[in-house]
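Chains here go by letter, A, B, C, D, E, F and G, matching the order in which they are written, and residues are numbered from 1 within each.
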Amino acid sequence: MIEIISGIFLLAGSSFILISAIGLLKMPDLYTRMSATTKASTLGIGLVLIGTAIYWVDLGIAARAIAIIIFLLLTAPVAAHIIGRAAYFDKVPLWEKTHIDELKGKYDEDSHELS
Amino acid sequence: MTFLLALIIGLLYGAGTYLILRRSLVKVLFGLIFLGHAANLLIFTIGRLTKGAPPFIPEGTETLVEPYADPLPQALILTAIVIGFGVQAFAIVLFKRTYQTVGTDDLDKMKSTDELK
Amino acid sequence: MMFSVILSTASRYLLPLLLIFSFFLLLRGHNEPGGGFVGGLVAAAAYALYFIANGIDEAEKLLKAEPVKLIAVGLLLAVISAVPSLLAGKNFMSGIWLDTNFPVIGKLGSPLIFDVGVYFLVLGIALKIIFSLAEEDK
Amino acid sequence: MNQLLLNILLATSWVLLVGELKAETFIEGIIIGYLILWISRSALGGTKYFRKIPVTIMFVFYFIKELVIANLKVAFDIVTPKDYMKPGIIAFPLDVKTDMEITLFANLLTLTPGTLSLDVSTDKKVLYVHALYVKDADSFRKDLKEGIEKRLLEVLR
Amino acid sequence: MNPLVIFPIILPLVFAVIMLLFWKKVPVHRYVNLAGSFISLVVSIIILEAVISDGIISLQIGGWEAPFGISIVADLLSTVMVVITAVIGFATALYSLGTMDEEREKYLYYPLLQLLLMGINGAFLTGDIFNLYVWFEVMLISSFVLLALGGRRGQLEGAIKYVTLNLLSSAIFLAAVGILYGIAGTLNMADLARKIPFLEQKELLTVVSILFMVAFGVKAAIFPLFFWLPASYHTPPVAVSAIFAGLLTKVGVYALIRFFTTIFIHDTAFTHNLLLISAALTMLTGVLGAAAQNDFRKILSFHIISQIGYMILGLALYSPLAIAGAIFYVIHHIIVKTNLFFVSGVVKKLKGSYSLKDVGGVYKYYPLLGLLFLIPALSLAGIPPLSGFWAKFVVIKAGLEIQEYFVVGIALLVGLLTLFSMTKIWNEVFWKDDPKGNENHLDESYRLISNYKKFMMITPIIFLALITIVIGLYAEPFFTFANNAANQLIDSSNYINSVLGMK
Amino acid sequence: MLNLIIIGFLASAVAPFIYKPLKKYFGWIAASFPLYLFLSFLSRYREVADGKIIKEYIEWIPALGINFTFLLDGLSLTFVLIITLIGVVVFLYAGAYMQDYEHTDRFYVYIGIFMTSMVGLVVSDNMITMFVFWELTSISSYLLIGFNHHKEKSRKLALQALLVTGGGGLALMAGLILLSQISGSLEISALYDLNETIRNAPTYTAIVILVLIGAFTKSAQFPFHFWLPNAMEAPTPVSAYLHSATMVKAGIYLIARMNHSLGGTELWQDTILFAGTLTMLFAAILSFNQLDLKKLLAYSTLSVLGTLTMLLGIGSNLAIKAFFIYLVAHSLYKGTLFLVAGTLDHETGTRDVSKLGGLKKLMPVTMITAALASFSMMGIIPLVGFIGKETVYESILELDYWGLYLIAIAVLANALIVMITILVGFKPFWGARSSTPKEPHEAPIKMLFGPAILAILGLLMGIFPNTFIGKLLDQSSLSILSEELGLKIKLWHGFNLVLLLSIVTLLLGIVFYFIRTKLLHITQNIKLIRIFKPSEWYEFAINGMMYIAKLQTKILQNGYLRNYIIFILVTAIGIASFSLYNVRSELTISPDFSLTFYEGAIALIIILSTFMVITSDSRLKSIVALGVVGFTMGVIFIIHSAPDLALTTFAIETLTVILFVLVLYKLPKFLKFSKTSAKIRDIIIASSVGIFMTLMVLYITSIDLVSEFKKYYTDTSVPGGKGRNVVNVILVDFRAIDTLGEITVLAIAALGVYALLKLKLDDRDE
Amino acid sequence: MSFIEVSTNISVVIIGLSILFIFIRLVIGPTIEDRIVALDLLAANAIAFIAVYAIQSGTTTFLDVGVILALLAFLGTVAFAFYLERRTKR
């Protein structure tokens, strides 16, 4: 029974991972790619880990799995944020269909101060 | 996977060699890093490969029963990796300083110490 | 440093988590993956993150000890770990063990002192390198 | 007070890491946790934190739900042609104040439907968000205010 | 089991640590370094006595039986190397007090010096090939730092070549270690010496022995692997040049001797002939390289190479007498070469240059310095009755006995050319009048040097010169020692037994 | 005798300390020490004369068979007495002559060392001990020739002398070692009555050649003669002492010494005979176009040295007798004349014979001394030189076949010597007084005393030959021929062919003197003479060597790092592959080709990223790719049961990234440097390295490894190491010392980074 | 073959595929930021792979590696971002 559940988690998780990978390939610009992947991969990996935790009925393993998940939840968005803003400084182009950009011109080129 | 690893080792050595023969300091640096990887993988592979049986002795038992991975090569590589890192770190900074002082990345412009005066 | 309130806040809360994890790695290394080296590197990573997020001055303020001292202490501990063996008249660096059993750590013995030495040394060198480079930057 | 809480939290996480529910382990955790807090005390300013435990738990569940939905939505868009998207970067005026709050909010936002927190203005009053689906900026801002920020504030205030 | 044998490795570390704990206090460094190197000297001599009286001493680190634990082995060869290292360490400690600039001292020159010695001693004393790799790295990295310390352009350019080529050789060394373990299944030298003759798969041994030969050959600066040496040795402060010149290459030579008398003697027809060819070319290219130079330290650097050739020749001839000659040569050369660099440093302080063209007239006003140059210089050129003559004599005698007349011919010719460059230095630096005119022109910085520093500068030179004379006039014990050491190497059984005895 | 030698060296060392205060009397003080040696050896005269061979043995390096074995027989005693006696004269003379020189104290050190070494050389019975003194004489000679070292010429010629004699010395050493391998001992006395064995030894030819090279270079025999005239750069006392009376006779001494063991073959005798004769003749001819007093004397010395060698070559009893008398005679008169030349130089300020004349009134004593020596040199009765020449002719005439030619040559040579004598010994004093740089007057007593003594000795020996040298002659010939000579020395041989020849020689010489100026033109135009100028061969050799040296350095040490790398790699891979190729037949490849999907993926990723690094033109891109390679390595480690390795790899990769990131934006963009040809060459090298390594891995993994280590560690880890992570136990316990070294490396690296970044000395003050 | 085995095998393949896809992005870029994001994702996927591989090979020790990997991947990304900042900031 446990094995079934964990198996399902694994499959679900890995599919999310696959989706995020596809997203990374398919999305038009860096920003959209990031919005797509940060979530999907985080969730996917989370599910896989839960699957693993369930498989070994062991507090230690579960703890490790949870540790990783929490850590991912803490860091993934931060990573996305700093890459995103760095990309913006770096003038990484937005997809042409991006119709609003309220950030345009708000940055001070030199000091990177944001008004 | 031994065969594949043998090929990869060859590749890494080749790449490392090719890179240290470049004129650009930075590439030479990359070359050295590659040689490091190559050497580690070499020892690892030559120490014979074992899958999914790390040399950890489970609670309640005194030793392991075959098959399990040979811990010695692992320990050796660990030491080698760390030493490699130390040397690498110094090399990186040395190369940076050299670039700043000499003002170029081109090794062919660094022959002063061998000139006949 | 990077003017990102998000990153710097995150780093402040990650720091203790990473440090505890590094201790964990150090202490259990004798029985599970980990050990002084990786432990030290994780600790260093924590400080490195803090430095990137909050700048070198903040980081140096946070780390009260001068890295060189950490290096010295690390090496010192490594050497000291050999002293018991000499006192006991055994071969140099022979392990001397207390007959107690702690969770995680397992037995206490001179090799553990050695590993702790490694931990401090690695922390020290990683930080010395990173900080020197960072100061070079300013 | 908070320090103690945090200390206990650390101790617990230690027990979790170790993975054995023993007294010694917890004591070890307390000791090490205290050490850590001492080491990193200048990193953590005092914060009001972990009041209203129940609200928090509620929020966590709400959030996980959101997360799953978000992903399904995005997944759908990834596998189907991409022309639905109307991406844009929106300036979102913040009601959350402290660094902690801002960070939490920004990160949660990143983890929820098609949004990605790009940056916070230096004066910490505006959050710039990249979103995949914005018909018009104001309604977008409104949704966020009603939705996640409101609930978060419930937890925090 | 004598616990003392580990001390030459540990003591320098301890001294370094003490200095690091007081890392801002240069005076502490100076005195800890001086006292430390003296203590090391005493300890190493005690060990030597012990080894001479009760034979090879081997210590199992951690009490783990050989070959599983790491063995520290002090036989005659390794011990004498340790002693000489200590001698040079002490001399350099003094000389540094006289010549090293405050900045470099501030930036941890002395701790690095001690750690260098630690690495060198480790390399000499270990009985485990991977551990040898580790000590080589300790030695290398500290030499990297000492070489680049100060960051002048020349230093950096030299360091780039030195570092790259030495890392290359380390990579080869490491691979060789791995391969040898993959073949023989052990890392312990004694165990290797014991196992290899009975190995079923001998084919690959020769191949791996070549890799070791190249790896050590680079460190020993033999032909055609020596290029890093002349490119770098003249760039750091002279105290550093001196200790490098004396010790570093000898570690490579030591390793070659150790490996090709103890481990790889399954195919001497091939391996040792390679060494023979290399030796001849090393002597020749080295000495010719020197002839082309006009810089005091560069000439000396190239002579390191040509002299290494003689040592390798001794090894390649592979007879007890020949190896004794090689060992005698190593002992003599370390002392002499270090001293010559010391002298070059004093000349630099006096005249402000290393270039033969820019200096002169030293003998006229400093006859003592002239004498102190002549002693090592003529010794290097093999003029009797100085140490170098006996070294050459023994190697050549051995060569003639084995009827390798051609190589002996080269050795003799190179001896003459060595005399040529030594007299070149003598003519230019000491005999010829100062190009600035025939009065005594001193570099202005020289006037700023305190008498204390001058004293510290000259003392080690006299000290080493005396050793050279003693070895020359009283060669009997030294030769007998070298002879015993050689026999110990040729017949490995003692070595094997003392290491694996406890099994 | 060792004590005397030690005293000698000590005394020399003391000189500089006592010179300054005792400057005035130093000549006398200095002379007292050779005198002491002279007397102490003279005291042994009786014993030796009575045929006793005095031996002394003190251990030095017994392990090598090298000891202080001294042997005083007729031959060595003769030499010792000459050396010390002339030493007395020269030391005294120099006291006055060298007064105006700088560093006269150093002069006395050198010459003291020289004399002592010379004594050591001739009394040593151990070949290597002798060689030690041999080399010491070369060195002291070097220092003395270069005594006026502010002059480039002096430095150059001193070096020339050193290299020629030094080179010969090395040959000699080889020869002596080979010789000792036959007798199994380094003692010369051990060679007695081994003549037969030695002659039949396979190395005999080599030995003869090597030993003779040593002897000829030292005694300036053709073609090594050129350094001797050049050595006249030295102060005159040196020329008188080293380069005429003593050192240059060392080679001849050696030949005489070795004669009984090496001699008796055509190779030996003819080589010596030939070289001697050539030297005798050409030296005489070359002396023609000389005007310098010392040069003239130098060439005459050469000629005499040739004669002496020739006599040894003849090797008959009579020849040996002639050799011996001529040796003694020459030392006496030539020493004298050199000193006279010195005196003239010192007083008049020139050595140019054409500028000298009519000094007899101003310098009567010098004149008489010169005259006496000159008569001896010309071979005029009743001086010892006469006996010398007579016996020389006599011994030549004995020869059946060669005799005629040789006698002709000998007469010619001696005639020229007569001419030289007239130029040096008489012309300056007689005839018209010509103006000189300095206003001459009689030399001080110190400078008159010595030469006079020697000259008078020449006379006495001529009149009472047997009382002086008869006994020594017998004993010496014993050592040279190992048989009694049984010939008495007579001053007067009666009217015979020999006497006729002497007269002819004399007249011919006088004729030469007068037609000299005419002959000068002829000789200068003889191209032949230019060809016989080995001094130019020497120049050629030196320049050639320098050329090769520079060329080699340009080729090898060319400053291009990659060329150095290529040298190393090609050597390594070349030789290694060669030895691998030799054993290919015994080797097999049987690795497991099994492969899973993810392993394929991993391989693919590594390969692609590697190429990314190589081809990328952006640094950051390369860093990222490098990171991927590293992380993939980690994954490989995980798959193959090495979690600790994986941990470490990941950690280090990340740290490396951080390092790069902190350093990188300071580093330059990649530029396209290398040419395609270079790239191709590098690719070939790189791929051969790669292929070699791959092969090694495949071969080795196909052998089954037998290692007790694996089992030992896992069995001992828990009970002994108290740990369950075996790798960690190895690191902190089984092989803790490795880890100690490892962390030391890290520490040094960190300190290095710190020092390198902080300490930036500028190039100006270096 | 039990369900769990099937599912682990499938997951491994899927994760492997995703890794390849992500790697393609890393290779083609176009911007350096794309590569960095890809690298970050690669690490994350490696964690998933490790987790599944742990089940496959029946050894738990690998999971610890996952924890470290998560941390280090984040640190690496931050470092790269830091670099980009330094590069664009004056």
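Some points to look at:
The rule we apply is simple: contacts are C-beta pairs under 8 Å (C-beta built on N, C-alpha and C of every residue); 3 or more make two chains touch, one makes a residue touch a chain.
What you are looking at is a predicted structure, and each value in this text was computed from that prediction instead of being measured.
Traced through touching neighbours, the fewest hops from chain D to chain F number 2. Contact tally for A-G versus E-F: the pair with more C-beta pairs in contact is E-F. Nearest to the global CA centroid, when each chain is reduced to the mean of its CA atoms, is chain E.
The distance from the centre of chain D to the centre of chain G, each centre being the mean of the chain's C-alpha atoms, comes to 23 Å. Between the CA-based centres of chain A and chain F the separation comes to 80 Å, rounded to the whole angstrom. Taking each chain's centre as the mean of its C-alpha atoms, chain B lies 50 Å from chain F. For the pair chain A and chain D, the distance between mean C-alpha positions equals 14 Å. Shared interface positions of chain C, defined as residues touching 2 or more other chains, are 2-4, 6-7, 10, 13, 17, 21, 31-34, 37-38, 42, 45, 48, 68, 71, 75, 93, 95, 125, 129, 133, 137. Touching of two or more other chains is recorded for residues 20, 22, 34, 42, 58, 60-61, 64, 67, 71, 74-76, 78, 81-82, 85, 112-114 of chain A.
Residues of chain B in contact with at least two other chains: 20, 25, 28, 38, 42, 46-47, 51-54, 56, 72, 76, 78-79, 82-83, 86-87, 89-90, 93-95, 97, 107, 110-114, 116. Chain G meets chain B in the complex at residues 53, 56-59, 61. Residue ranges on chain A touching chain G, taken from their complex, read 3-4, 6-8, 10-11, 13-15, 17-18, 20-22, 24-25, 30, 33-34, 37, 41-42, 44-45, 48-49, 51-52, 55-56, 58, 60-61, 64-65, 67-68, 71-72, 75-76, 78-79, 82-83, 86-87, 89-90, 92, 109-112.
Listing the residues of chain E that touch chain F in their complex gives 9, 13, 20, 61-62, 64, 67-70, 72, 101, 103-104, 106-108, 111-112, 115, 118-119, 122, 130-131, 134-135, 137-138, 141-142, 144-145, 148-154, 160-161, 164-165, 168-169, 172, 175, 179, 181-183, 185-186, 201, 203-204, 206-207, 210-211, 214, 218, 224-225, 227-228, 230-231, 270, 274, 285, 288-293, 363-364, 367, 378, 383-385, 389-390, 393-394, 396-397, 400-401, 405, 408, 412-413, 415-417, 419-420, 423, 427, 431-433, 438, 445, 475-476, 479-480, 483.
Residues 51-54, 56 of chain B touch chain G in their complex. Looking at the complex, you find that chain F touches chain B at residues 550, 553-554, 557-562, 565-566, 569, 591-596, 599-600, 603, 606-607, 610, 613-614, 619, 622, 626, 629-630, 633, 636-637, 639-645, 648-649, 652, 655-656, 659-660, 663, 666-668, 670-671, 673-674, 682-683, 685-687, 689-691, 693-694, 697-698, 700-701, 705, 707, 709-710, 713-715, 717-719, 724-727, 730-731, 734-735, 738-739, 741-742, 745-746, 748-750, 752-753, 756-757.
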